[in-house]
Structures are given as C-alpha cells and as structure tokens.
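See the structures that follow.
Both of the next two complexes hold chain A, though its partner changes from chain B to chain C.
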Partner chain A sequence: MTPCIVLPIIFPLLAAATCVMLAQHRRWQICISLLSSTLVLLVGAGLLQTVTSDGLISLTLGEWPARYGINLIADRLSSWMVLMVGVLGLACTLYTIRGIEPQRARWFFYPVWNGLQAGSALAFLTGDLFNLYVAFEILLMGSFVLLAHGSTRLQLQGAVKYVVLNFLASTFFLSAAGILYGLTGTMNLALMGQTLAGNPEGGALLAALLLLLAFGIKSAVFPLFFWLPASYHTPPTPVSALFAGLLTKVGVYALIRVFTVVFPEELDMLSPLLAWCAGLTIIVGGLGALAQKDLKRTLCYMIVGHIGYMIAAISVHTALAYAAVLFFLVHDMLAKSCLFLTAGSIAKRTPQASDHGGDLWRRDPVLSSCFGFGAMDLAGLPPFSGFFAKLLVLMALFQSGAYALASVALIGAFLTLFIMARLWIQLCWEPGTAATATPLDTHPLSQRIPIAGLALLCLLVGLSAGPVINSALRAGEDLKTPVAYRQALLGDTK
Partner chain B sequence: MQLMLSAIVGILYACGLYLLMRRSLLKIVFGLALISHGANLLIMVAQGGHQGIPPILGAHGAIPEGMVADPLPQALVLTAIVISFAVTAFAVVLLLITYRHTGTGDLADLAERRSE
Partner chain C sequence: MNSLIFKTATRYLVPVLLVFAIHLLLRGHNAPGGGFAGGLVAAGGYTLYALAFGVTAGRRTLRVSPECLAGGGLLLAVISAFASLFAGKAFMTALWFKIPMPGPGYLKLGTPFFFDLGVFAVVAGVVLLFVFSLMEVKE
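Then we have the complex of A and B:
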C-alpha cells in the first residue's frame, strides 16, 4: 500500500495532462475527470482503511535521507482529507456536465480543474514544508484561473482581490520557510520541530507568526477574510462549490499540521491570539451573513463563520479539540459544497433569487429537500453531522475552560440556525411572484445526483457518527502528541 | 554583505507592500513582483554567510576542499522564482483582461462601477 500514497496526486495530474491533449473533446475530458476523482476517492478510502488498521503510511521519495528528501505521509487526518478531495471532486465534476457553459471545456477548464485537485491532495499528503508551499501554489494557480475563467466583470473584480491577497499570503509562507531553513537547515517538518524544540528563538516565533498570517489569509480568518465574500460567489456554481468545500479547509489543515509538528510551544504562546481571532470570525461571519440578501453571498459569510469554529478548537489544542476539528472539517466540506451546488441550481430556477420569494417547496420538492438537508446540517440540528461537529467543538471548549469562547460559539450557532431558517422560509415557503409561478424546467440528472448525494452524505455522516467520531478521536490523540508522525518522517536516518 | 542584503530585503518588502496598497492595478502587479523578489533574496540571506562559495562538486564528483555552500536554498529559490514568474505572468494577463473588459485599471473605479 505504501507506494499508493502518490496516487491521489498522480491521478489528477495525469487527468490534467490528458485533458490538455483532448482540449477539443468535451465528453472525453469529463469522463477522464470523473474517472480521476473516482480513483482518488477509492485510494482515499483505501488509505484511510490502511492507516486505521496498520498505522501511518510514509514514503520517502528517491530514498533521500530525512534531512534532504521529501516525504509523503498519510495519517488519519490526511487520509480523511484525501477521501474528501475525491468525494467533492466527483460531485462537483458531475455538476460541471450541465453546470458550466460547454465552450469552457475548450478553454482548458478541465486541466486546471484537475490541477487544483492535485494541488490539494499534495498539500494533504506532504511532510515537507517547501513541498507544502509548492502544493499551495499549484492549487492557488488553479483557483486563480478558475476564478477568472470566463472573465465576466464580476469575476474579474473578485479575482483581482483574491489573487493579490493570496499571493501575498504565499509570499509570507515562502519567507517563513526561508527563515526556518536558515534556523534548522531542513525542510522536513519533524526534523524542523526537533531542532526548534527546547530552544526558543526569536526567529522561530517570527516564522510561526508569518505562517499564522499566511494560513490565516488562506483560511479566511478574521481580520483577513475580506477577499472571500468578494470572490467566492462570482465563478460558476461547481467552481464555487469546490472552492467552498476545499480551499479554505486546506488552510486550516496546514495550520494544524505545521503547528502541531513544528511549533507546539509557539502554539501555546499564540493560543490567546487564535482564540480572539476565532471568536471574532464566528461573530463577523454570522453578522455578515445576516446582512446579505443574495443566497451565495450569505453562504460565503457562513464559510467564514464556520472557519471560526475550527480555529476556536485549534486555539485550545487538546486531543479532543483536534478530533473536533477533523469531524468539523468533514462535515463542513460536505455541507458547504452541497449548499453551494443547491444555491446554483436554485438561482438558475428562480430568476430573482437574489430577492428571494421562491415558492420552491411546491415547485421542486426534491431540490428544496436537499437545500433543507444542507441547511439543517449547517445549522447543527440532530441527527445531521453538523450537530455532532458543533457538539464536539463545544465539548472541547468546555473541557479546557474556554467558557467565553464557548458562549460565542453558541451565539454563532444560533445565528446560523436563524439565517438558515430565514433562507428556507424565503426560498421554499414564501409564495412567489407571477414570474416564479410558472412550472420549473426539468432539473438535469447530472445536477440532481451530486446535490442529492452530498445531502444524503451529510445525513449519513450524522447517522453513523460513532465510527467517524472514534476515528477522529484517535486522530486527535495522534495530533496532540505526534510522536508516530515525527518518527515516520525522520525515518531510519536521524 | 549580510547586513546590506538584509537591508535590501527590507527595502524590497517595503516598496512592494507600498505598491500593493495603491489603487492602480499596474502598480499592484509591480508590488507583487517586488515582494516575491524580496522573499527569494530572504531565503538566500537567511541561510547565512556562504557568499562566494560554489555549491557544486569538482570534476568527477570530487568534493571540493574547504567549504561548500548549501545547494538546497538555491534550489528552493529557483523553484520559487519559477512560481512567482508564473503568478506574475497571470497577474499581468488578469490586469490586461480587466482593462479590456472594464476600460479601467483603477481599483476604485472598478468598485464604483459595481455599485452603479
């Protein structure tokens, strides 16, 4: 199984290369992209099973010793994330069949689409800081192109902000990597942590702050979130959905990974800062969503608000908190992608979706049920996965005595519930105007299947929360004391 | 030498950040380029004083006498240069397309037109 760890990166890259060659053949490009996502999903599931039964999988590329070589490594967290790349990739690619204009396929939509997924998979699997930087750049380059692809005015406005802020974040990341290399002489995360442990240096704290800034911008934490609501609603629906599900979560993942392995001491020091940022993110995300009228824009602010929960859990950094983050990540990826896909379908079917009044329940019960599932999941109602995700975060916060942050999280949860209920009433129950009274055109199956699939997965993860939470709890312990992870990265040569 | 290079890194960052805060898109693109140069130079400076020592092996793979500079930062910088080149190229094209589609390269104008 060990060499299989490269497959989630290789498949999308191969698919991207093949799609470039088949630029004139839309159907082939779609088939190849679907195949690649399915394979990533299967490999992700395989990785997860192997990691659960046999422990970490680590592969040293080129057999270089730990100080120089690049390691790919999969623990529970990474495997879960790779699995989610497959799930989201498959769902969103299915949606692209009828969800984007056909001529986009000729303008290299699918190569970039697959490249983005390759970059995410690499970010989740690498054990090397510079490699993580490269992975970020691959997925950012993909997201830059996808965001501007089609060049409508609105897209260009969003893309400018997105490109500038994310490029700035990458530069901070690169600077931190350079400083850390100067301090430790390696890019291997474990070796870096080992060298820095016990001798607190100003340089290390500087690098930690720069990395916090970089990952903070990428995961849209207060006060660094403004680019997200300005850009995420502009591209076509499947692109927004993949961004919403995947991109900010890569930032959260990188934050956990780098800070647990390299900077456990600095994480202690920075946790009050993280707690403040998390609380403000939750509040600002919730209030921002409250003020929005447009469905997709509301959801953009909900992304920001829910990032706050994960950062809140990271700020208390107990084993339970890390478990909560893992479960929250899985839940949030499913719910956000589902809601964005649904929002796209709803917007297509209610011409004045931005003014609401959809009367959707009568016109399309299936679509509105899916929206209801996603909304209830996001609001954290049992038995959906969102309930357990929020419960775990709150438990972690209470366990560590962070009562203020827990109350903020509860207020945020109430805001989410309120916003989702309001959206549901306006879109589904409120009788529409004369224009919306007309019967709906048929909703294509290629859009119905991914939406319904993701909505059911939201429910399924909630219904079978036991095994997922068990896996998350084990992952949390591994993240709190990453001994095995470090050993695997260091290999035989110390 | 170290001190001068460090100062240059600082100046590059300062100029880049200043340009990023301007309204003109062209200046923002220049700012991005300057900052990425600053970061590349920072990697070279942060690895310490090995200036002037070659990071290469001698003939037939012989290890040269005396000190050898660490080749890894140079490899890292090379990668980073390629990446920043790609991003800068993308930013220039984005600027061009934005200008063609909206007739302005000014961020404030872009925002105003949306509110119309």
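Then we have the complex of A and C:
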C-alpha cells in the first residue's frame, strides 16, 4: 500500500503531460482529466481507509535518510483532503465540458488544470517544509495561469492583485524556510519540531510569524484577504469553483500542519493574535457579503468569512478544535464549490447584467433546489453538514472558554443565514421581469450532474455526520499530540 | 532577420550549441550543468535558428512539436521515477546499470539520467513553445 501515497500527485502530473501532448484534441484532454480525477478520488478513499485501519503511511522518496529526503506522509487529515481534491477535481472537470470556451483547451487549459490538482495533492501529502513551499509555488503558478487564461480586462485586473500578494506570501514563506534551515539544519517537519522544542529561540518565533503571514495571505485572513474578492469571481465558473474549494483551504491546512508539528509552543504565544484575526475575518467577510449585489462576489466574501471559523478553531488549538477544522474543511470545500458552480449556471440562465434573475424556482426547480441545498448548507441548517461544522467549532470555542470569539462566530452564522436567505428570495422567489419570463434553454447534463452531485454530498455528509465526526475527532487527537506523525516522519533517524 | 552574416554564423553556431547542450546534460550528474541548463542552451540554439531563418524553418528543424517535447519530457521523468518500484525499492530510488562497452570501459547508466533527460526535454519544449508562439504573434 505504501507506494499508493505518491499516486495522488503522479496521476494529475501524468495527465498534465499527456494533455500537453494532445493540445489539439479537446475530447481526449477531457477524458484524461476525468480519468485522473477519478483515480485521485479512489486513491484518496483508499488512503483514508488504510490510515483508519492501519495508521499512518509515510514514504521517503529515493531511500534517502529522512533527514535529507523528500518525505510524503498521510494521516487522517491529509487523506480527507486528498479525497476532497479528487471529488472537487472530478466535479469541476465535468463542468468544464460545457463550462469553458472550447478553444481554451488548445491553449493548455487542461495541463494547468491538472497541474493545479497535483500541486494541491503534494501540499496535502508532503512532510517537509521545502516541498510544501514547492507545492505552494505550483499552486500559485497554476492558479495565476488559470486566472489570467483568456485575458479579459477584468481577469487581468484581478490576476495582478492576486499574483502580487501571493508572491509576497511566497517570499515570506521562503525566508521562514531559510531561517528554520539555519536553525535546525533540516527541512523535515518532525525533525525541525524536535530540534526547536524546549529551547526557545528568537529566530523560531520570527520564522513562525513569517509563516503565519504567508499562510494568512494564502488563506485570505483579515487583514490580508482583499485579493480574494478582487479575483475569484473573474475566471470561468469551473475555475472559480475549484479555487473556492481548494486554494484557501490549502493555506488553512498548511497552518495546522506546520504549527502543530513544528511550533506547538509558538502557537500558544500567537493564539491571541490568531483569535483577533479570526474574529475580524468572520465579521468582515459577513459584512462584505452583505454589501455585495453580485452573486459570485457575495460568495467570494463568504469564503473569507468562513475561513475565519477555521482560524478561530485553530486559535484555541484543542483536540476538539482540530476535529472541528477538519469537518469544517470538508463541509466548506463541498459547499463552496457547489455554490460557485450553481452561481455560474444561474448567471448563464439569466443573461442580464445582474445575477439576480428572479423567479428561478418556477423556471428551473432542479437548479434552484441545488442552490437551496448549498445555501442551507452554508447557512448551517440541520441536517446539512454546515450545521455540524459550525456546531463543532462553537463547542470547541465554548470548551476553551473563548466566549467572545464564540459570540462573534454566532453573529457570523446569523449573517450567513441572513445573506443566504436574501439570495434565495431574490433569485428563486421574486417574480421575474419580462426578460426572465422567457423559458430557459436546457441546462446541459455535464453541468447538472456535478452541481447535483455536490449538493447531495453536502446533505450526505450532514446525514452521515457520525462516522465523519468520529474520524475527525480521532484526527483531532492526533493533531493535538502529533507523536505518531513525528515518529513516522522521522523514520529511522534518531 | 535578413543578414547574410547572421545566417552564415547561425549555420555554424547551432550545431555547436546543441553539442554543448548535450555536454551540459551529461556532465550534470557530477558537475555544474544538468538537464535544466542543457535544455535552456538547446532551446537557445533553436531560437537562434528560428531568428535567422524564420519560425516555420525553426519548427521544421525541430521535427517534433514543442508541445510533444515538453509533454514527452514530463512523461519520461515521471516514468523514470516509477522504475524503482519494479525493483522493489522506494519511489524515485536511483537505479544504476553498468553496460559493458567494447574495449576496457563500461557505460554507467541510471534512472537519474532519464529523469534529467526528461527535464532537458521539458525545459527545451516549454521555452521553444514560448519563443515560437511569440514570434508567430509578431509575424
């Protein structure tokens, strides 16, 4: 089973290579991309099962000693994330069949698309800081190309903000990696943590702050979030859906992974800062969404707001809080991708300038139910997964006595509920104008299936919350005391 | 570019550049050089040719499309990493073979070489893809 762990990175990479060679054949590229995402999904499920039954899987490439080698490691959190890469990749790739202009396929859309998925899988599986950096760079390059692909004026405006701020984040990341290498002489996360533990160094705190800044930019935390609403609504629908599902969450994942394994002491010190950022992120995201008129822009601010919940949970750093973050990540990835895909389809069906078409319930009940599912999930209504996600975060906050932050989270939840209800009423119930009274063109099946699939998954994760929460709770304990993770990562190095 | 001196010089320079690119690729395992540098130099050679004789001639001389070069290179690199799995070792472990050659010597060939060759092709392919596309836009 061990070789399995490289496959989620290798499949998209192979798909990217073949798609470059088949640049003129759109159908083949789509088939290959679909195949690769399906395989990633299956391997992700396999990893999750193996990790649940047999414990961690780790591998040092090329049989180098763990101190120098490239380490890959999968625990519950990583396996869940890889599984989600497969799910989102499959759904969004299906949507690209009719969701992007066909000529884009000739300009290397699919190779970059697959490269982006390879990069996320690498970020979720790597056990050393430098490869995490490499994964972030792959993600940055891939997402920059996809953002600018097609180069409309709006897209380029968004892409410039995106790339400038993210380059800044990469610089911080690289400086921190340099400092840490100087202090510990290794890039292996576990070995780094071991060397730093117990001897407080000024340099380590500096590196921790730089990494916090870098991951904060990547995951769009207040006050470093403004690139996200400026750029995410500009590219074609499947691209924004994949970004919304994956990219900011990679930042959250990296934050958990690096701070639990390398900087448990610094995390204690920085937790008030994290708590403030989280609270402000929740409020700013909610208020920003309230002020928007455009559907996709509203959703962009919702991404920011919900990142706040995860950061809030990380700031109290108990086992329950980490479990809450895992569940929240799974829920948020599904809900955000579903909503962005739905928003794209709604915008296509209502051709006027504003996305508030109105009367959608009468004109397309299936599409509007999918939107309703996603909206209820995001608003956190039972039995959807969003309810349990918010419940777990609130439980973790109350358990640690962070009452102020918990009340902010509740206000944020109320704002989300209000915004989602408002969107639903405007889009689905409000009687349409003469323009929207015209019958809809048919909604292609290749768009209907991923939207409905993701909407049902949102519900399904909520309905089967028990096993998922159990797995999350176990993962939370492992993250709180990453003894097994460290041991597996150290390999034979003592 | 319609200059007799440039065209004549290019005819002599391109082979030298390509040989130097291969030299860089081969010495890269133990000394400065390697697939990345070699690929850049090779791409430089073809770029020079395309500047002197036009993009169409450049593409014709390359024979394969830059897309195939880049994609094929990536495939080769990934497959070379897989080879160690069949030998029962960890992914990406270097495997070395000694192939006897006529005379006293032997040829030491290993999977890292094929990985580097893949890098060479990816770099050359991607750079040429950029260069040819940009030159075609200009025309």
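Note that the second predicted complex is superposed on the first by the 491 of 494 C-alpha atoms of A that agree within 3 Å, B and C clash if a C-alpha of one lies under 4 Å from a C-alpha of the other, contacts with A are read in each partner's own complex, and residues count from 1 in each chain.
The rule is short, and it goes like this: contacts are C-beta pairs under 8 Å (C-beta built on N, C-alpha and C of every residue); 3 or more make two chains touch, one makes a residue touch a chain.
As the structure is a computational prediction, the values presented were derived from the model and not from experiment.
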When chain B and chain C are modelled together on chain A, clash or fit: fit
Partner chain(s) touched by A:Leu61 [first = chain B, second = chain C, both, neither]: second
Contacts of A:Ile449 with chain B and chain C, given as first, second, both or neither: neither
Contacts of A:Leu410 with chain B and chain C, given as first, second, both or neither: neither
Chain B versus chain C as contact partner of A:Leu290, first or second or both or neither: neither
Chain A residues touched by each partner, larger count belonging to chain B or chain C: B
Partner chain in contact with A:Ala16 - chain B first, chain C second, else both or neither: second
Partner chain(s) touched by A:Gly182 [first = chain B, second = chain C, both, neither]: first
Partner chain in contact with A:Cys31 - chain B first, chain C second, else both or neither: neither
Gap in Å between nearest CA atoms once chain C and chain B share a frame through chain A: 9
Shared contact residues on chain A - chain B and chain C: none
Footprint of chain A on chain C - complex, ascending: 67-68, 70-72, 74-75, 78, 81-82, 84-85, 89-94
Chain B partner contacts - residues on chain A that touch it in the complex: 68, 130, 133-134, 137, 140-141, 144-145, 148, 151, 153-154, 156-157, 159-160, 163-164, 167-168, 170-171, 174-175, 177-179, 181-183, 185, 187
Of chain A, residues touching chain C in the complex: 2-3, 6, 10, 13-14, 16-23, 59-63, 70, 111
Residue ranges of chain B in contact with chain A within the complex: 20, 25, 28, 32, 35-36, 38-40, 42-43, 45-48, 70, 72-73, 76, 79-80, 83, 86-87, 90-91, 94, 97-98, 101-102, 107, 110-111, 113-114
